[in-house]
Structures are given as structure tokens and as C-alpha cells.
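Paired with chain B in one complex and with chain C in the other, chain A is shared by the two complexes that follow.
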Partner chain A sequence: MESTATPSSSPTRRGRDIPASPVWWQRLLGENGIQKWVFFIPIVFFVLFFAAPVVLTIVFSFFERTQFWMEPGFTLFAYENFFTSARAENYVFSMLHSAAAVVVSFVLGFPIAVFVRRRVAKAAQHRVILLFILPFMISELVRVFAMRPVLGRNGVVNNFLIDIGIINEPITIILFSPLGVIIGDVMSFLPFMIFAGFLALEAVQNYIFEVCDDLGAGPARLFGDIIVPLAAPGIFAGSVFIFVNSMGVALVPTLLGGPGAVNAGLIANQAIVALDFPLAMAISTIMILTLVLLLYVGHRLFDLTKVLEPIS
Partner chain B sequence: MNQLQWTRRAFMYTTSGIAAAAAMGRIPGASAQDAKALKIWANPGVHRVGARDWSAMAGQAGVEIAATAKSARADESIQKMVVGDGNKLFDAVTDNGGGMEDALASQGAIVPLDTSQIPNWKNILPVYNEGGLAAHTIRFEGKVYSTPMISNADSMAYDFKALGFHPDSWGVMFDSQFKGRVALQNDFGPTLTNMAIYLKESGKIDIENPSDMKPDEVKAVCQFLIEWKKKGQFRTFWDGFQNGANLLISGEVLMSSCWEPIQLVADRETGDEADIRYGTMKEGHQTWNNMIMLTKGGRERGMDALYYKLANVYLSPWFGSRTLAGLGFAPQMTGVDEYLKANAADFPEGTEARVLDILTRKNARFGVKGNSWQNVFPTNIRAYQDWWARLQAA
Partner chain C sequence: MYDDFANPWTIRLKWSYLLLVVVALLSPVFYIVYISFNEHGFSARIYEFTFDWYRVVLSDTILVSSLSWTVYLAVTAVAVTIPMALLSAKFYKRSRRKVAFVALMLSPLFVPADIMGSSLLVFFKNLSGAFSWLDSVLGVNWFDGWFDLGFLTALIGQIIYTHPYAFIVILITMSRYRNQQTEAARACGATAWQAFWQVEFPQIRVGVFSSCAFVTILSFNEAVRTALLKGGFDTFSNVLVAQMLNIGMSGESYAMAGIMSIVSITVIGSIIVYTLVRAERLERKARAMAEPVMSI
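Let's turn to the complex of A and B:
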């Protein structure tokens, strides 16, 4: 029987060194240790913090409401209550206001993205885009609340318009109204359109613009026939961010909306305050379904997997 | 692994975990100091006076207080105390009377009190005595479960300088000359109750109990509000203290149903530009209180004596005069006016006259016959919710 190793020399096989057996920490960090499992961390994270809450939300929406909580059961009462009360109407209004915020954000934000992509020096583009993050450094509560002295009856806009003689009486429709909510949503979420639009345009090669210029395409044609179609997946992604936030962030209608203004998030919140947990869960489920439907339609139209793919 | 190894390892894990958690934040009961402290879950902005922290309250009570901040949301209280770990964490908890004591007592989250352990109980306002108007707001099935701390009769704040008169009826909110200059609180509880009081007392709608309306009555009140909303009478419905105050400070509205502290802040902030007052409405007001309760967990940990000491402070003129002077809330005990006169030097100059004026007007509001006490959980709460949604959608 051959000896496999001697204490005084390294083990060899056919004249080459055989590495020593890995110590415990090498095994732990090796391919069969943590490395083997590390890729499961995102899955665990996804299941714990996304899939499980979503599933629970859907399950709870079918529970029975008790006086202070809910108990297991299967009832469609929360959904019936949602669709047969004014909540469904409020929900639709919320969708319409959110859609309007998306359109306005596109009109204001996308040209900024195009400008930065086409007119700002390549080296400075990312820095300029990063400037649009600055508003997010301020609490959203402060940002939204700060709109009130601007849009209010005695606010900056009204005082300016009165001072230059355009109006005699303050315009009240720009605050505490659906328009006020749309303005607030646009001011809050406009950067999403700029970021997403810019990222989508980054994938468009420069020579495409150069060819268009060489062929004499005017700015309108370039924008409508080339830029928008090529950036469509990015525009859609930005639109989804804005739409979802406008639907869900309760702060804007609370601070800038008219009497009883709500969005979908606020409807769910009010159900929770009234201890109607199944109803709050049902509203949240409907919001999730709305978003899934929206993403499905977007994917069918624009193939969202290509958002950041270079376009040649 | 033998038993000794397991025990050592488990000990190390456990103690290091506790040490880390205690170093990072606070686990009630994690230190010897906390073990002696009364752990309370309370709204710091409303339920303490005398200092920017709980030291003055603790000093008066002779009790160490470990406080955790709490909002006024009923869902938060119920979730924590009935479904969650509130009883493990807190010895005492504050909340709205007229509903929350019933909810928490019926679920076994709080325990009945021995009021003989609270010396100042003898000074409690007569409305809390057996048979009094507010007796039910601190009792469940005939037993006292809570100590009232503050109360008020919510009314309407208005800019006297702009109006030129003192409104004495909720009806002024529905005067078309003030179209678009009126705000209401964005909460179906106080708003529908106050409007029900107005509609009942002015003979416009038959309502049996404004605090606990039947579905038809809720519908009638909401339809009335919907009609005025469609006419553009309301500028907005406010949520949150700063939001409510800002509406009056900015001159956006001339009148708003709101909490009294909002009026005090708005009046102070506007200075000479406006004169924001708090009215007494002849039809009545929703009256409400906040109370402090001893949790079941607190009793199990033997914290009764500490709770009673703190409750005694809440029923002392020391607390009553300060909450009245600072936030305009009504003291829950008699003798505050005498205390203020005797201790005028403890307050900034002019406080005595100002506070006594607030107290006089407050007593006038509390004396209105049509007042109705807050009901956190009306019998037909679903009707309240559903009709409120319709008002929002209108």
C-alpha cells in the first residue's frame, strides 16, 4: 500500500504539486459554499419582500371583516363594496388625473431628455441628468407643501398675474382642485420622465441623428418619426413610474386637492383608518392588477425588455 | 455539541443580540432603568406639558417615564394593542375616549382602574361622574377603564377681521357670499357629527343621535354636504395640523371647522394681518376627550402604582393649567382658575388673563345643549365610510 503523503514534503502527482486541502473558510467561501447559494439571495429577497406581501394582500382581501380586524373566510364583499360605492368612481378619477400627469410630464420632461442627449456635451450629459435628482433630496412633504404659497389665492403666481394686470381676481382653479393635483404630481414625478427618456435615448446611436440631419429631416419630423418611436420603451417606463406614483402617493391630493380629493392610495388608507382591512386589501389588489395590466399592454406594444438595448 | 456548548453559544447569541439592539435603539425592559420606568405609548405633542421632553411630567409624578410616540389613528392603536405586541411593550396607552376604551376593554387589552388610588380623582369634572354626560367615555360595562387627560368642544375658527362679525352658527359656512372660502376637516367622524348637530338643531333634518347616526341620517347629512360641495362652497377638506393651520394663515379660507390649537397657531402666525377667533356655535359641537389607560401587560408587570401616580398628574391643576395655556385644551379637573391665579408667577406675563378668557369661552361651548360626544366606532360605521366616499367623489 502506497503512502499518499509524508509530513516532510508536499504531495505530488506525476511531478506536479497537488494543492493542499482547503481550510474551512476557503470551503465556506468556495464554489460549494456561499458562492453556491449567494445567487439565491435575490430570490429570497423577492419572495419575502415582494411576492409574499402581494399574495397576503390578495388573500386578506377575501377575508371577513370583524369589528377591529378580520378573520379567515372567503367573501367578495370588499370587492362588491368597492365597485358599488363611490370608491370605484374615485378610483377612475384618480386614474384620469394620473394619466393627465403622465401626458404633461411627457410634454415637459421628454424634450429636456432630448435636449440633454443631443445638445449637451457627452462628458457632461450624466452630470446634467443627475441635477434632476436634487429635488428628491428634499422631503416630498416639503416639496409638495411648498407649492401652496406658489399656487394659492395670495400666492406667487396670482400676485404676479395681478401685478402685471393680466387678472383682477386670483385664479383659484390652480390649487385645491383636480388641476392642483395634476400640477403637484407633475412637479413631484417629472424627473422620472427625464431619467427614463434620457436612458432610452442613450441607447440610440449618434449616427442615426447624423443621418437624419444629412437627409434634411426637420426637427418636428426627427422628433415625431425617429426620436419618439426609438425612445418609446423608455417613455413608457417613465410613464408607468409617474402613473403609479400619482395613483398611490397620498400626499399630493391631501395637500393640493379640493374638498375630499383622493387618489387610489388615499382610498386604501382611509379604509385602513376605518379598520376596514379587507376593503383596503381589495383596493390594493385592484391597484396591483391595474399595474400588471398596464405593464402587459406596454410590453406588448413596446417590448420593455429592450429599454436599454443599444439601437443600431 | 454537548449541552454545555449549546448553552454557552445560546447565551452568547442571546446576550450579544440584546446588547446590540439595546445599543442601537431601545428595547423596553432591556435595562435596569427601564425596568423601573412606566412605559407609555402616547402622543408627545398633546399629552405632555412643562418641558420639551417627559422630564417635567415625570418629575411631577415621581415616576420614570419611558415614552414611545404615538399618532391618533385608531387603526394603529387597535393593531398594536389587540392584534400586535402592545401589551408586551407598554404599561399605559393614550387614546380617544368614547370608543377606544370600549374597543380595547372588550378585547381584554386594558384593565379596570381603582380610582381610589388616584387622589386627584376627587377633582375630576362632574361630567365624568356616574350618570354624567361624558361618563361613558371612560367606562366599559360600568367600570372605569381610563383617566381623562384633555378634552374640547370642536368648533369653527374664523377671521374676524375679514368677516366683521362673530359667527354663532354653523350655518354661516353655508352662506353663498363665502363660496370657496370654507374648509372642513377631512375626517368623517368630527365633520359628520358637527354637521349632524347643525342640521338637527336647526331643524333641517331629523336626527336622533348625531354621534351614532342611522344609515338614512348619514345619507341625509352627506347629501346636504354634497349639494354644497357641488356649488363650490368648500375650498378644501384639510388633513393634519399644519395643513389646517396654513389654510387660515394664508388667507385661503375665512372659516374652517378645526381643532382649537390650529386657531391658536393661526392667530399667532397671522399677527395683525388677521384676527383668527374660535367661535361658539349655538347648535352645538362635537365634544371629545383623550384618556390614558393601564394595559393588561402593565398590570401583569405590577405597574399599577406607577400608572396611578401619572394619572394623578393628569388630573392635577398643574397639568390642566399648562395644557390649557399651551394648546387650549380643556382641563379635566376643577380648580384650574384658582391654580392659575395662585401661581401666576409660573407663567409668562399676561398668561393668566388670556387663559382664563379661553377657559370662559370653552366652558360656554361645553354648555351648549346640542353638544354630542365623540363616537370613534359608530354602530353604522360602514354607512359613514360609504357616504363619505360619495362626498369625496361628488
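Let's turn to the complex of A and C:
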């Protein structure tokens, strides 16, 4: 076959076109150029603006405080300041409140995850879980703020209980108190226990439940011996999320806790307002180390990657 | 054998409990919206419907300016976060070290807002100082103000916050996509981009659009990180926090909370309704295809 190719067109071999080798900009934009490296952008971004600030938080916590800022050095003064003041006690109290919020969220939320996974038709399970996305996506600020007219002296709860004759005087312990903070935390983070529990149970094959039913396991045994151990990674992930956020989100004690109510996030905020940056960094460090320790222990015990199995 | 379908009341009771929890989570927010339309505000004996509080909010130039800053921030956050979440999800699918990668991507979920905000605030102030020092050493002003607190730092804070949610939503949608389709497209001569854009993207489009909506709402609602990193401008939720703490609960605050709730409920509610309708339609289509063809 006679070739009609001009010198400028692509060369041919046995009548077939041989693709011209890519020029430099094609190589740069090609699959071994930018297209390959572009996938590393999120990693670079997160290392630079998430991992680095978190690691440097630990470094800054050892810096020396100046009048308005801090200067490089090595001092444990911020930690001494934290542990020898009422802040350490407040931190422990906020841990207890957060643990209570986790327990209440588990008791209220996890049975919903189990019910949806076991008793709702497969096709409808995700649709039911979607119902809990809506409250979760409404501003946390608004959800916490909304608890004040509901739980207050003249709020909906007190008015309702008085109207039906259960109480004569308004209950004041449910707002501007530690109980108010726990209620606020549960209302803010409960959906996460449902999501994480459901995600973990989704990885459990149906036949396991069927075998248990066939062998005559009662609901209590099934729940304690089968469901909880199998959903443990999800329960743990949900619990850590609720625990850490209850400790770190300053909004809840600020709006619902009343005078004297604090948590780790609020203590860090107060230190920043007082321009004591090393102290704020020390509190953040203690918080981050608590989180890392919890996640490490959880991962060793339950292998938290199992939570992501259904979407891997 | 234990079977809770044996007694229909058991299953009804469980459904009632589930719905009760949903209602309990939502009712305080609906109550706020209800109060925001009362001319006499909270705890008044008389209820007279009015839009006056909303008119007050929307005629306040500071609030309207904060609203426009919120919109700029949300739009920019979506424009940056979604492509990054797509890249992350694609990287996760092909990555061998999934645990380390997913730990890095999802860790921000577990760091509370105030702690992350404080860390980023001190980091950016130090970075800004380091750049100024570099400028003075080099005798130039190339890096002047790069990381001064402002729009860029607030945006970075929001990307760190919203990215894990967008990543998970896109990953869930991608988990239903079979990679063999991409391989087939490549075998037929498509470039990597063509295989993604013409084969994969149409199948994960719903997840991408949903995550756009989620990021918009998360950015719109975010208050704590933005308050620490924003520098000289205010967002809508920052103004609301300042009002609640300094002035208390006024009719205006209820209207602002009402606006935030109505926007979130409308956007997320639309997605939920669309998802339900679409799933129903697809199911009906699948059933129709599965039915045997009737002979005449």
C-alpha cells in the first residue's frame, strides 16, 4: 500500500499509523505527569494544615509566655499552671459528663441501629438512617440554642409537665446545670452513635443473626454475646466521637451549663482570650493525647478499619 | 426462636420509638422557627404570626454583609473541598496503605472545633511571623500577609472540617461502582480523564452533588473555627453567637436561628426526598424489568 503521508504527518509502519511520541507538555499533563501527582494534593494539604498544626501544638505548649504572645524555649509552666489549678479538676469533671453523654447516647441510639439493621427491609435501611441526617445537619449552634426555650423555667418541658399535673413547680435542674450540658451533648451527637453502629452492623452477614435465631438465642443473649461484640468497632468509634466532642465543643457548656460550667474546649478558649497561648496549647495537647490514646487502644482492641468495610 | 414479628405491637413499638427520637431531635429546632414568627417573642401568652423579625434581620446591613461573607465562604469551600474529596476517594480506592490514609483524612472528625481552631490560629500566626521574617531577610515583600488571619485562613479551617464528610459521602457512592468499567473504557481507548468523566462520574454524580450540599450546609453553619480564624469579617453564625452571648435571646436571634434552620432543612430535606424518590423509581424500574414478558 502506498503511503500518502506527508513529511509532517505521523509515520507509518506496514500501513498503520504509529502514534507520535508525546511532546514535553503532553508528558507533563499525561498520566505519568501531573495526573499521577494530582492525587497527592489532599495528602499534602492535610499534612500541612492538619497534621503539622496538631504536632506543632505540642511544641508550642512548651514555649514561654510573653505579654501578648510566646517565644521559643522549653518550660513546663503551662502544664504546671494547668495541673495545679482548678482547670485540671474541671477537665476531669468534663470527662465524667462526656462519659455520661456517651452512655446515654449508646442506650438511646444503638438499639435504633440494631433495629434498622435487623428488622427493616434491606432496601429501606439506608432510607431510615437518612432520617437522622436531617437533625445532624442543622447547625449545632441552633440545636443547642434551641434547648434553652425547651428546657428553661418557662420552657416547653416545664409547661407541659405542669399542665398535665406531674409537677407543681418548674424543674430547674435541666438547664444551666451539669445535667443540661449532658442533655445538650446527647441532643447534639446522638445521631453519630446511630450512624457508626449501623455502619459496623452492615458488615455483619445476615446468616449470623439467622443462626442465632435458629439456635434459640434470646434477645438479651443475642444482644450481649453477638451484636455488641460484632458492632464493637462502630460503637467504639461513635463513643470516641461523642466523648471527644462533648469535651471539646465549648458551645454546649457556654449556652446550657450556666455559671462555672466548663469543658476542655472552653478552658482552651478562655486561655486564648487571656492571651495565654502556651496554656491553650497545653490544654489542646492534653486533649489531643487523650484522643490519640483512645483511638490507639480502640484500634488495638477492635480494629476500627472494620467500620469502613462496607464502603471499601 | 425469638421473633418480634410474631407480635405486631412489638414492631410497632420499635418504630414508634425510632420516630420519637427523630421528633425529639428535631422538635426544639421547629419550636425555634415557630417562636421566630411570633410578634411577641418567646414565652408570650399571645401568638400573633408575623414576618417582622425576619424583616428586621434582612434590613440590618451588618447582618446582610455577614450573610454575604457566609455565602462566599460556603461557595469557595464547596469549590475546593469537593474536587479534593473526589481525589481522596479515588486515591483511597487504589491505595495499598488504606489505614494510614483514611486515618489522616478522617482524623479531623475527632478533633473538637475549639481545639482545632486554637491549633490553627496559633499555627497561622506563627506562619505569618515566619513569612514576615523571611521577607525581611530577603529584603522583599513577596510573602507579606499570606497567612494573616482572614478569608484564606477561615477557608482552610472550613476545608479541614468539611472534607471528611464529603470524602465519606463520595466513598459510599464509589463503593457501588465497579472498577472493571473503567478498565473496559481504557481498553477501548479512552484516556483516564474520559474514563472518569464519561463512565464513572455519571454513576457517582448523586454522591458528588449530595456532598456539595452537605459541604454548603456545614460551611454555612460552622461558627467556632471560623470565629477563631476569620480575622476582620463576620459570618452569619458568628453574629448569632455574639448576639446570644452579649444581648441574650431576642426576637432577632430567633429569626436568625430560624433562617439557619430553614436553609438547612430545605437543602438537606430536598436531598433526602430526592434520594427516596429516586430509589423508589429505580426499584420500580428493576421490578418491571424482572417481570416475565406476557405472551399474547
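The definition used in the following text is that the second predicted complex is superposed on the first by the 280 of 312 C-alpha atoms of A that agree within 3 Å, B and C clash if a C-alpha of one lies under 4 Å from a C-alpha of the other, contacts with A are read in each partner's own complex, and residues count from 1 in each chain.
What we mean here is this: a contact is a pair of C-beta atoms (placed from the backbone, for glycine too) under 8 Å apart; a residue touches a chain by one contact, two chains touch by 3 or more.
What you see is a predicted model, and the numbers here were worked out from it, not measured in a lab.
K.L.:
Please tell me which partner, chain B or chain C, touches more residues of chain A.
P.N.:
The partner that reaches more residues of chain A in the superposed model: C.
K.L.:
May I ask you to decide whether A:172 touches chain B, chain C, both, or neither, giving the answer as first, second, both or neither?
P.N.:
In the superposition, A:172 contacts chain B only.
K.L.:
With both complexes superposed on chain A, which partner does A:259 reach: first (chain B), second (chain C), both or neither?
P.N.:
Only chain B is touched by A:259; chain C is not.
K.L.:
A:272 in the overlay: touching chain B, chain C, both, or neither? Say first, second, both or neither.
P.N.:
both
K.L.:
On the A-aligned overlay, A:135 touches which partner chain: chain B = first, chain C = second, or both, or neither?
P.N.:
second
K.L.:
Look at A:154 in the shared chain and tell me whether it touches chain B only, chain C only, both, or neither; answer first, second, both or neither.
P.N.:
both
K.L.:
If you stack the two complexes on chain A, which partner ends up touching A:122: first (chain B), second (chain C), both, or neither?
P.N.:
Neither partner.
K.L.:
Touch check for A:300: first (chain B), second (chain C), both, or neither?
P.N.:
It touches nothing on chain B or chain C.
K.L.:
Now for A:217: first (chain B), second (chain C), both, or neither, which partner does it touch?
P.N.:
In the superposed model, A:217 contacts chain C only, not chain B.
K.L.:
Give me the intersection of chain A's contacts with chain B and its contacts with chain C, in residue numbers.
P.N.:
69, 145, 148-149, 154, 254-255, 272
K.L.:
Which residues of chain A touch chain C once you look at their complex with the stated criterion?
P.N.:
Residue positions touching the partner: 31, 35, 38-43, 45-47, 49-54, 56-57, 60, 69, 108-109, 111-112, 115-116, 119, 123, 126-128, 130-135, 137-143, 145-150, 154, 156, 187, 190-191, 213-214, 216-219, 222, 240-241, 244-245, 247-251, 254-255, 264-266, 268-269, 272, 277, 280-281, 284, 287-288, 291, 295, 305, 308, 310-312.
K.L.:
Please give the residue numbers of chain C that touch chain A in the complex, ascending.
P.N.:
Those residues of chain C that touch chain A are 1-5, 11, 14, 17-18, 21-22, 24-29, 31-32, 35, 42-43, 84-85, 87-88, 90-91, 98-99, 101-102, 104-105, 107-116, 118-123, 125-126, 156, 159-160, 163, 168, 171-172, 175, 191-193, 214, 217-218, 220-221, 223-224, 228, 237, 240-241, 244-245, 249, 253, 257, 260-261, 264-265, 268-269, 272, 275-276, 279, 283.
K.L.:
Show me the residue ranges of chain A that touch chain B in the complex, using the header's touch definition.
P.N.:
Chain A residues touching chain B: 67-69, 81, 85-87, 89-90, 93, 145, 148-149, 152-155, 172, 175-176, 254-255, 257-262, 267, 270-276.
K.L.:
Taking the complex as given, what residues does chain B use to touch chain A?
P.N.:
Result: residues 73-75, 78-79, 82-83, 103, 107, 180, 183-184, 186, 188, 229, 234-237, 239-240, 242-243, 246, 250-252, 377, 381-382, 384-386, 388-394 of chain B touch chain A.
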